[in-house]
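I have placed the structure first, in the form of structure tokens, so that the comments after it can refer back to it.
The first chain written gets the first letter, and so on, giving A, B, C and D; residue counts start at 1 in each chain.
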Amino acid sequence: MSLTRIAIVNITGYIGAEVARLLCRHPNVKIVSVTGRSEAGKRLGNVMPHLSQIDLTIEAAPGEADLVFSALPHKASAEAIIPLVGKGIKVIDLSADFRLKQAEQYQQWYDHAHPAPGLLEKAVYGIPELHRADVTKAQLVANPGCYPTGAILALAPAVKAGIIKRDIIVDSKSGVSGAGRTPSLTTHFPEVNENVSAYSMDGHRHLPEIVQELQALQPKETLMITFQPHLIPMTRGILSSCYASLVEGKIAVSRQGVAELRQVYRDFYEGETFVKVVDAPPQTKQAWGSNLCLIHPTIDLRTGRLIVISCIDNLIKGGAGQAIQNMNLMLGFPETTGLEALPVYP
Amino acid sequence: MSLTRIAIVNITGYIGAEVARLLCRHPNVKIVSVTGRSEAGKRLGNVMPHLSQIDLTIEAAPGEADLVFSALPHKASAEAIIPLVGKGIKVIDLSADFRLKQAEQYQQWYDHAHPAPGLLEKAVYGIPELHRADVTKAQLVANPGCYPTGAILALAPAVKAGIIKRDIIVDSKSGVSGAGRTPSLTTHFPEVNENVSAYSMDGHRHLPEIVQELQALQPKETLMITFQPHLIPMTRGILSSCYASLVEGKIAVSRQGVAELRQVYRDFYEGETFVKVVDAPPQTKQAWGSNLCLIHPTIDLRTGRLIVISCIDNLIKGGAGQAIQNMNLMLGFPETTGLEALPVYP
Amino acid sequence: MSLTRIAIVNITGYIGAEVARLLCRHPNVKIVSVTGRSEAGKRLGNVMPHLSQIDLTIEAAPGEADLVFSALPHKASAEAIIPLVGKGIKVIDLSADFRLKQAEQYQQWYDHAHPAPGLLEKAVYGIPELHRADVTKAQLVANPGCYPTGAILALAPAVKAGIIKRDIIVDSKSGVSGAGRTPSLTTHFPEVNENVSAYSMDGHRHLPEIVQELQALQPKETLMITFQPHLIPMTRGILSSCYASLVEGKIAVSRQGVAELRQVYRDFYEGETFVKVVDAPPQTKQAWGSNLCLIHPTIDLRTGRLIVISCIDNLIKGGAGQAIQNMNLMLGFPETTGLEALPVYP
Amino acid sequence: MSLTRIAIVNITGYIGAEVARLLCRHPNVKIVSVTGRSEAGKRLGNVMPHLSQIDLTIEAAPGEADLVFSALPHKASAEAIIPLVGKGIKVIDLSADFRLKQAEQYQQWYDHAHPAPGLLEKAVYGIPELHRADVTKAQLVANPGCYPTGAILALAPAVKAGIIKRDIIVDSKSGVSGAGRTPSLTTHFPEVNENVSAYSMDGHRHLPEIVQELQALQPKETLMITFQPHLIPMTRGILSSCYASLVEGKIAVSRQGVAELRQVYRDFYEGETFVKVVDAPPQTKQAWGSNLCLIHPTIDLRTGRLIVISCIDNLIKGGAGQAIQNMNLMLGFPETTGLEALPVYP
């Protein structure tokens, strides 16, 4: 069987490198080209020692491939993708460029006109648990942001079932790798260690993704979502704590109601390999290194409020792993191929 | 001038040890007796090397003193305090025993009858910024829990001013020292490192303190508070993110409204040395090692929702430092004596 | 093809759990039985959520199997192994019980008589890079300690080649998972975080293993090895820094000598998949999550002293991974099966 | 009593900021001017929130002062100091510029000619425990490097007493704040966390300081010192492990010898407030936040080798604290003023 040829554009960031690491164990594909402007010309193993078994030199532009992962920053990614799509190549974009369906909304959050508005209609928002059929047929997949993946999966069953009111709080705690590989004072070890902070309090770019996807599940009234991210001293993982009041008369505010709530979630995710509805509050470490999303819905019985905790590895289900899950669908492979690794503990 | 004699009961936990560390730099007091059942008979410096300049042997019971800090676990603390109060000694209780004004509520949350219900009326809840006059006259002060300190200070101005609705979310992130010095799997390094988790999802014992103190500021309607704590991989610090919808017609949902909101907070805390209303989102590191509580109130302009972030060092303003602040009031010393240390950075 | 049946005794520690995690991806074996006294009767997935895809209940004693991994503490492990060996079952012992060839030496370091001296001759010290042929034929393999693995692999080429003098310093820095899963004050998060310490300064039990294996490579003179372990605030990884003076006249104290030295090491490890001689100082993160041992030998040109740095993941090449490498040899599988995972970065 | 006026040049690094933090609690001095080129014109409290009680604006050049701390990088520091010394102002240089007594050696290690060779004779190497009298009379003090402080204090008594041979290994483990406040990939949180590495294997700039100071204590033979630094995932602290063979016939290789050895160290540091010879292996946390250096000398009885462990807070005794200790001597204040803070635990 011939292997599908894969190129990774911008392998020198954490997400690009993680795509490569995971694909090394994928039996149906072969990485044939990797790019990274600042390191072009160097052996991959010299720049990324953990990838030294991939025998490639970093290039300035991708070589011929059947499917391309782009891990470039937004704007640069869309610009690099335009010609690839034109040639009929399948593309998974790990940047934000094709996640928002409205070009105006993109402009509002990213401060420049969309570089390829004509491709927006072609792009599928790549959460397989919500859009599997579309992903399977897609030529261009917009891989979701890390925060939206955890938040959307945590809230989709409740929003879809109409059991919560429209006021929703998403309070997320993220490891530092989500900020990328470029050093800054904010991610300097002595600044992050023994510290926790809230950031982007005027609005984080991942908010419109969360709103777009949840609103689509419940078109009756406008959702009022507050999303507040926090940076905590760890490398990988996002835990999102989601709060919303229960609609009266749907789910009882009782132990019995909690059981019903869990069943709503279990039904929603029936048959999903990567989304687990769990009975104990999950920890990010239980997803660490895997493509799992662990979800724990419960009810604050004193206030009649839904609380949902979700945990992911931000670089896997929140990034590279979900991208490969999308790739598997696009290429007709079993959805879990290459993503079988268990979480690493401790 | 003669020094006030201080005893510390149960110095072998983190809070007791922190009281001792801070008092070493207090010019008006002298630690004359320290206890710790499991280590009785040992030199303090052998058990706690950082305290080796305190030339004392750990005892089984406190010697004669003018004021006693009890850092025993709940129940044991009340039992130890009863005879001290009977002798007229001033006591600051760092356990939960005298924080809740209703003995039935105590029984409900702590699973046993209150050991000293007759003393409840005598006890003052020791947040000086809210109860300074009462603390000054108190013989028995109930030092607040670490989470309640951060949450109450974050929300008191908004609740008092009547600018928020009754549905309130407090999402707190705490360092591990809040769990105490007794080892457990939950606090074992390999389990906490590279991990974040939500816990006490059925209700945390600090919730009734938060409700009691905030409800007292606004008797008109019953507050509906959800408090959700999280454990993050750091030693010291609590960041609390508080969410509530604004009452219409009080504070505008606008930049101007944010300025008005900050002024409400600044007015509330005018003249306070240890509570700072700050214009940038604070980080726990900015309070680390000090008695400060940093508060940043703002408005999510998309949803008209109040967000308040507060940061404290859980062992200082959330424990030993606030206890000494209370002691200063009880003994007539300047309130800041011994608490002048700046935050440690980085 | 029928799968080889595997039992894991004491899966509830970090090493036992790691054997299970890695074997889940091994195509030739099936875990049929797992034990753990304190958790017997519980579903494995409830005790170890990351292993929930292994559909087994924890037992008190191992069921029928073709090969057994014992991850019990020393003494208990030998006692459990005696009957298994008697039945002809292949055993890999992850405890210290069969590592030292002399029962008296065992008694001296472990403070009790050896529980099964008659089996010592049968046991092979399982570093495949040194004892591959013997491991292949063994029924009982003593899996090396984590520190000895890194130290022996770092020094074996130099000792064998006779290029260093007999005075050797091994200064090792270990993550906390090496101390196991049982909580203690030493491994309590607030004690380890922001801290580094030297321990076992009177002699660590891993010293005699290091001496035994290195001395066997160079019988001419008695080696004088100082081994000093340190605990650092991370979960996984051991970096060992080894120092010894060069014998005059063998390797030049020059850039050219460094190249010759590297060649000595490269020749020694030629053909090895898991031991990599690297040109830049390695980091434990470059081995994290993999079975690799990275070795960087160099010369301090000012003093004519050999310095070798080695890095391993203490739970994989220093434990469970090496055990599976040994298993592969004992069962006739390709040596790398199930151990193909790349290091996890970042 | 009028306060001595202090200026801090380059307060925007970790060392400069730490000088300021500590001086805030010093009763005899007043910070009157602070500089920092990139942040000139900003309020100090906006750049460094933990210093917001210092009511100053960051300047481009220092204002009039009685004593200046320079925390500039090497070369820039000497250039800034030349005119200050010319005006008769007392200066404490926290850079490396005046530590090495030989200008040629400086050029060899710092790759450029010394900017002020004429001042070298004037400069005193500021370890008060070794050079107290000279510091007291000095106009210009070269504050030692962080690694040299820990290494020199650990080895000085043994070298001076002539009880060890000339081959010495110093293996040091440092927190990340020692690398300064400028972000880089090396100090990026996801790269340092869960990682340990050796660095500067071709020779670290702190080696010649160590050699210079120890050699001066024992002029008989040339010391052969290998110094190997390591980066570990914590913010503050250096633990140095020092190894050397004992000279035969001086100290017995026995328990009794260990006691004699400790006495040699206790005698050497008799009367010192900040250097403690301790009987149990120390941890960096026991010095964290204080000006202490904890030293534990012992003997590896199997090999007859001296092992000394020393622990400091790299920013205090290894930087700002020692600078203030020097300042106290230069200005005639009690040596411990402003440095009384106990270590922070946990």
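Assume a contact is a pair of C-beta atoms (placed from the backbone, for glycine too) under 8 Å apart; a residue touches a chain by one contact, two chains touch by 3 or more.
Predicted, not measured: the structure shown is a model, and the values here were computed from it.
Interface comparison, A-C versus A-B: the pair with the greater number of contacting C-beta pairs is A-B.
Chain centres here are means of the Cα atoms, and by that rule the chain farthest away from chain D is A. If you average the CA atoms of chain B and of chain C, the two centres end up 46 Å from each other. Computed from the mean C-alpha positions, the centre of chain A lies at a distance of 38 Å from the centre of chain B.
Residues of chain B in contact with two or more other chains: 14, 175, 177, 181, 190, 193-194, 233-236, 282, 285, 346. Note for the complex: chain C touches chain B at residues 14, 175-177, 181, 183-185, 187-190, 192-194, 233-235. By the touch criterion stated above, chain B contacts chain D in their complex at residues 14, 17, 21, 24-25, 48-51, 53, 177, 181, 193-194, 235-236, 278, 280, 282, 285-286, 289-290, 340-346.
Only residues 167, 169, 171, 173, 175, 190-191, 193-199, 201-203, 207, 224-226, 228, 230, 232-237, 239, 241, 243, 245, 281-285, 288, 296, 298, 300-303, 305, 307, 309, 346 of chain B touch chain A when the two sit together in their complex.
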